[in-house]
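Below, chain A partners chain B and then partners chain C, in two separate complexes.
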Partner chain A sequence: MKNLSSNFKNVLLVIAGLLLAASCNTPGNAYKSGALAGDVASQVYVPPGEYDEFYAFMSGGFSGQISVHGLPSGRLLRIIPVFSVDAEKGYGFNEETKAMLNTSHGFIPWDDAHHPELSQTNGVTDGRWIFINGNNTPRVARVDLSTFETAEIIEIPNSGGNHSSPFTTENTEYVVAGTRFGVPYPQQDVAIDSYAENFKGMLTYISVSEEGDMDVAFQILLPAFDYDLAHSGKGKSHGWTFFTTYNTEEKATLLEVTASQNDKDYIAAVNWKKAEEYLAQGKFREVAANYADNEYDESTQMATSTMKNSVKILTPEDCPGLVYFLPTPKSPHGVDVDPTGEYIVGNGKLSADLTVHSFTKMLAAIENESFEKVVAGVPVLQFEEVVAGVVPEAGLGPLHTEFDANGNAYTSFFITSEVVKWKVGSWEVLDRAPSYYSIGHLMIPGGDSKEPQGKYLVALNKITKDRYLPTGPELCHSAQLYDISGDKMKLLLDFPTMGEPHYAQGISADRIQSKSKKFYPLEENKHPYATLGEKDARVERAGNNVHVYMTTIRSHFAPDNIEGIKVGDKVYFHVTNLEQDWDVPHGFAMMGANNAELLIMPGQTETLLWEPKTVGVFPFYCTDFCSALHQEMQGYVRVSPRNSDIAMTWKLGEDDPVQ
Partner chain B sequence: MERTYYLLILITSFFLFVSCQQQAGTDQSNNAGIEYAKGQSTVSDELSEKNILQIAIGSADHSTLVAAVQAAELEDVLVNAGPLTVFAPTNAAFDALPEGTLDDLLKPENKATLARIIKFHAAPGGYDANNIRGVMGIGQATGDKVKVEVNDGVTTVDGGQIIGTVKASNGFVHVIDKVLLPPEK
Partner chain C sequence: MSSPLSFTISCMKKYPRILMIIAVLLLIGLFIFPMWRITLLAPQYPNGVTMYIYINKIGGDSPSTLQNINILNHYIGMKYIEPESIPELKYFPYIIYSVMGLGILAAVINKGKFYMAWGILMVILAALGIYDFYLWEYDYGHNLSDTAPIKIPNASFQPPLFGVKQIINFTAISYPHTSGIMAGIAIVLSFVAWKLKIRNEKYAEQVSSDSDAYSGVLMRSKA
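This part shows the complex of A and B:
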């Protein structure tokens, strides 16, 4: 139309253009639906070359190890071998680390690792060590966070199923180990039906020295309840530890029915400072025991297993004021202490409610002797006198609670498969977010310490089903990352994990990053079979034992060819990595070796035992791609008959110049 | 003609604008921009042993119970790893409720009450037809207890008779002839 002014046309076009431009500019509108809506992806995106903000240490569960992830990306950074042999790193296969897995039952190549726990100073995670419990053959391990290597494993005597472990006290004075299964005390041949009579439950306090050395300081003898989880007090409740119990019925068969009959079980409150007083007064019994304490010495690079033969035991009858029972509904699983140390949360797993006890009220009830009864010398406090509040019908199957820095608590509910956020003190439910599926533990960095660092929460889920591409009957367990910085929890990311992560711990990267070791200085290498220079490379025979003093450097072994080995020899390859450069390990693999490879860090010495069974010439090589000439890094061992008189010789390089 | 053309562009643009804003609005409506998918009850698996929800859905006698579970949005709970013990009232049991009760409960405003009643029919724990006889009571998901009695070989739960038991992958379904009502709070 001629009368339509161009001005009006232009206005119309501009409006139309604006509307179109405004219509679909939500980021990723068409593509990123559901959980990726908005700007979620960028919240977990760590650009190439940049670092994650947090380390997350996740237990490997039945893998026996710890996996280290970065948050928020979820990237897997490392698997630390702890209780299980790890052929990749030679852990438990090389001669140096076999002793780490020694126990009173002999060498054990596996365990079930549940709860990583970072060391603390003044109730704050300090990045020195991470502890983890071995559940099956009761043990506690300490991992050094400058090397990410297992430094010590101590066995727990008089225990069975080391589940409520290894939760730390405020300054890592102790880590604890409560037995999940009652066992006969002393261990003996008795009828299982005599459970209530002959079985006992032991709580163990493991002292940790300034250098990290662990020792079984004392044990407390209690009834054969199942001690499930624990957390120590902090701030005002420093000096106490709280252990949940179930099976206060003391049954030993069909527990899924028989151990669910009591309306309330107990949280055992242990005054460990009182225990120290009783120890000083000599009110303990020193009893015979047999347990291994295995330590890895970083200078000799050898683990040594020492069998210990006694333990100090305290009993409530002899030590009034040492232990109290706090009645707590329905088989409480996790027990979690808020950052102030005032509130003790009992997660009654067969309940819909959370029960929160008050430390202040507990002290008053003790002072007033508000006891309901006394069980095995332990006063049971009146429930009404200690309870601070109840989070009512928050969900079904509460398991664990962690805290943020703003007075909020976050509880995992297994049956309703969700995380519920609630206010500490008012007990009101503030928010809930589903997990996919069936959450067990949850973790906020610092979430069980005095200073939660959390802006993230990690849910550790037991059931994966259709969440990832299927991989046959077994699926990895999943972790889910939530942003908890706002009023509402926001699911950001879903990532696979190793084994079964039970608990996890998180810590801001700066508390570990700067202390991380780059290599082992050769001048500090006190390994008895170290070879500190190529000129010292040699082979020595002592009867049937042959010791090969070997070095590696890019890109050759010294020596590389060895003759004079005989069938039936025990050949020990002591391989020292002469590199003094970050991230240049060398591997060593011998054809026909019945164990694993060596993976030798720069400056370290490791030993592989090889027992040749047939004559011939067998190659060895470097397994870790170390340089452009890595493929040339190889050697041979000539194996001759037992009665041969081939001389022992070794060499590196041609005697004559290469033609 | 030209005016119509321009108006058409404007109107089309407007509708595109509205539709896309509505789509974004859906994403924003639930929990800070996150639209949570439904949980484990949506897992597609026709091969595995049936879970409690699948058994209930497959039973013609439990269509009312299933409708109630759906109205209370408790489907995900009944497919959880469990173990759960669920007392499943038949349609006839629901029909025996006073006139209008069920219709009231199914109203959206009564969702919490309905959920509480359904949870009172579920217990964490795996009680089969045999070992349920060995207990005096079972703590239900609401935190309340139901009373278990055995008379002349007949097991009753808060007066409701167990008329059959089906094993599920995640627990046991005991079919009962009465709707159980939780105690007043």
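This part shows the complex of A and C:
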């Protein structure tokens, strides 16, 4: 069988593929000139003042954030700070949001964000939230799509690299978090060589409440394979989640060789409805753990970090029927479920073929107990009994598959650097289009949901080389937009992206646009240090702590002259933006502050800590151009010696304060 | 044949009173809907900033509209628009209550000249109200602070009373709104009531003097 080809042959194929990719780097090659033949500019042109048809949410990869682009223009609309501090917005620097980045390891200012996943209702993207995983220090974040702000970050205990995450179930009952790296369970001081014996792989289900609140519902203890990617079932397969694995060899060194030995690894099929039954029956172990759940409260505008101390763990031995392994060739990377929920595509990344399993056949194989063997209490189903078909030699290095609404699938091939379109069910290849260069994930709006909105496809490429003007050794990553409305894919546009986008999600604009908040009503501001009117602006000293209750409105701070601060004080500027209009944030920057600026949205309060070290008079000012008198929006703080008896005074204006 | 005709006549007799009551009811609109609307349009305000003037308050298309208008106005040193400091908003409602009471009284008395008197009273009050509105606009547009950050010689900042006017970067549009139009209709109705009542009174005289004049009445009413 082709998909059982020898490792030697695979290595040759890889080399051939790399040569092919390299040959694409010469400027003016045939692909390049041919791809853009004809007038495609009008298809991506969004006239000034008009809106894009889709929002695209791109993971920031090693930037830790999410970038929001419009499609088809590719225009960058916003960077949402999630796992990394963002000096531009004060995220992780101001006193309100520091707790968002708390973990059991303390404050962590960065992570590696891979897979954004929109919330769904009945298998359709609903525009409420977008989730994203933090891979390095395992976490899952939830971003509120009415404010485009991170609302919650929950840490995943007993995990070593949260990669197969945070793929949602059909009604966002759960988002999942499978560990990519096996780790000792429980975490302990053991020899790395004892990997197969002491290390485990944990799959985590995070429940999501109607309000969005995330909680670790349960974990499933499995062998220390690398759980790479996931997708939950939909329609008929609702109630199941599928996780790909590699390193079923359970090795801990030189994985590029040692973890590529097995001809087949597994797709783990998890029956989470069964898990709920076992939980109800009490067939779990409550195990001590230590992980942070950080929530941002929109009314107090304050993040709170809560340490949680236990998890419920299910094991296959105690819970028959909970997990099955589906043998799948060659270290499958992405696992993608077609819109009907019937077909489960295993993208065997070291293979030339795509293996597609049938959910119906899987259920029959389980019913008939067509087991090849049992691994750690998990039945391994017979390959022939579950496979629905193979897309033969479609390309090299298949990574991910998305779907359109017409029964077609689109698979990215990293090594041969192309997108291949094929027919679900007949497995025939219909079209192929080159990507520039070496595509990783690909995205069709709704392409992993029950209702793909398949008009465009975005290729998220790993290698950029000569696509843009050079910017020194480091280049931005490149996305490419294809029109997939016709029989043939048509390349429309290249556009640069932030960090390294792994996965992305797209959604028609109307599902988000109308719900987008314009400003925060002041009467709903429950921040404990809010100043709701200029007449309440004041400065209060409590020992060495000084609290400045400050307001901003075009175009002044109240107060803007403060005296009586002393060296060694900790000065907290609690700045409330009194504006109540769309798009009128004010910034606040204090000379010598060892953190960042504040960027305060209308109706919000944010706090900057400043610890003056020397005497003098230091200016502060508004950083966000707010009005014709923005340059005048400035003030001074006088810092006196520690032993000074200068009285604490503050003012705004020479006579009565301006209203 | 005489039965529907007499029905028509009896209805026509009731018309003036019904119209007067409708006129009074229309004035309730003043407490529900804005009577005037001023919209400011500028490139940065694609949806405009719209201020609504009620009989007893000033509002906008959002709770923060007045604040936003005041922020704009402070650059040129215009006084803040503060509904609390506009006494008319406090006593105008009582005037309307009184006028409504007089209207009901007129309907009870049901005499043509009372309807006329009510209509004339309303016209006078409306004229005074609009003149008062003009004075406020003049005051806001001309009484600018000496310390205004932006001073533009010879520029007129007074909003239009009725119509469209360019005020530096803003296009200001000022027109009556729902309850202003309702009050206008009330005035018209009171005069219609007066006219009909006079006719009815004349018919009554004719009917009493000439009981065979029905066809003539119909012809006249059609004409």
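The rule is simple: the second predicted complex is superposed on the first by the 618 of 659 C-alpha atoms of A that agree within 3 Å, B and C clash if a C-alpha of one lies under 4 Å from a C-alpha of the other, contacts with A are read in each partner's own complex, and residues count from 1 in each chain.
Heads up, the rule we're going with is that a residue touches a chain if its C-beta (ideal position, glycine included) is under 8 Å from a C-beta of that chain, and two chains touch if they have at least 3 such contacts.
In this text the structure is predicted, and so the values were computed from the model without any measurement.
Peer 1: For A:Ser351, select first, second, both or neither according to whether it touches chain B, chain C, the two together, or no partner.
Peer 2: After superposing on A, A:Ser351 lies in contact with chain B but is clear of chain C.
Peer 1: Identify the partner contact of A:Pro339: answer first if only chain B is touched, second if only chain C is, both if each is, neither if none is.
Peer 2: Once the two structures are laid over each other on A, A:Pro339 reaches no partner at all.
Peer 1: Which of the two, chain B or chain C, is in touch with more residues of chain A?
Peer 2: Counting residues of chain A touched by each partner, the higher count goes to B.
Peer 1: Examine A:Tyr436 and indicate which partner it touches, taking first as chain B and second as chain C; both and neither are also allowed.
Peer 2: A:Tyr436 contacts chain B only, not chain C.
Peer 1: Examine A:Asp581 and indicate which partner it touches, taking first as chain B and second as chain C; both and neither are also allowed.
Peer 2: After superposing on A, A:Asp581 lies in contact with chain C but is clear of chain B.
Peer 1: Just chain B (first), just chain C (second), both, or neither: which does A:Gly61 touch?
Peer 2: Neither chain B nor chain C is touched by A:Gly61.
Peer 1: After lining up the shared chain so the two structures overlap, which partner does A:Asp263 touch, if you call chain B first and chain C second: first, second, both or neither?
Peer 2: After superposing on A, A:Asp263 lies in contact with chain B but is clear of chain C.
Peer 1: State which residues of chain A lie in both footprints, the one left by chain B and the one left by chain C.
Peer 2: Touching chain B and chain C on chain A: no residues.
Peer 1: Would you pull the chain A residues touching chain B in the complex into a rising list?
Peer 2: Those in contact with chain B are residues 1, 4, 9, 12-13, 15-17, 19-20, 22-24, 26, 29, 33-35, 37-38, 40, 254, 256-257, 260-261, 263, 329-330, 349-353, 393, 396-397, 414-417, 431, 433-434, 436-438, 462-463, 465-466, 486-491.
Peer 1: Show which residues of chain B lie in contact with chain A when the two form their complex.
Peer 2: Residues 1-3, 6-7, 9-10, 12-14, 16-17, 19-21, 23-24, 27-28, 31-37, 39-40, 43-45, 76-77, 80-84, 116, 119, 124-127, 131, 134-135, 139, 141-143.
Peer 1: Going by the contact rule set out above, which residues of chain A touch chain C in the complex?
Peer 2: 519, 521, 553-554, 579-581, 627-629, 632, 658-659
Peer 1: Using the touch definition from the top, list the residues of chain C that touch chain A in their complex.
Peer 2: These residues of chain C touch chain A: 62-64, 67-68, 70-71, 74-75, 80, 149-150.
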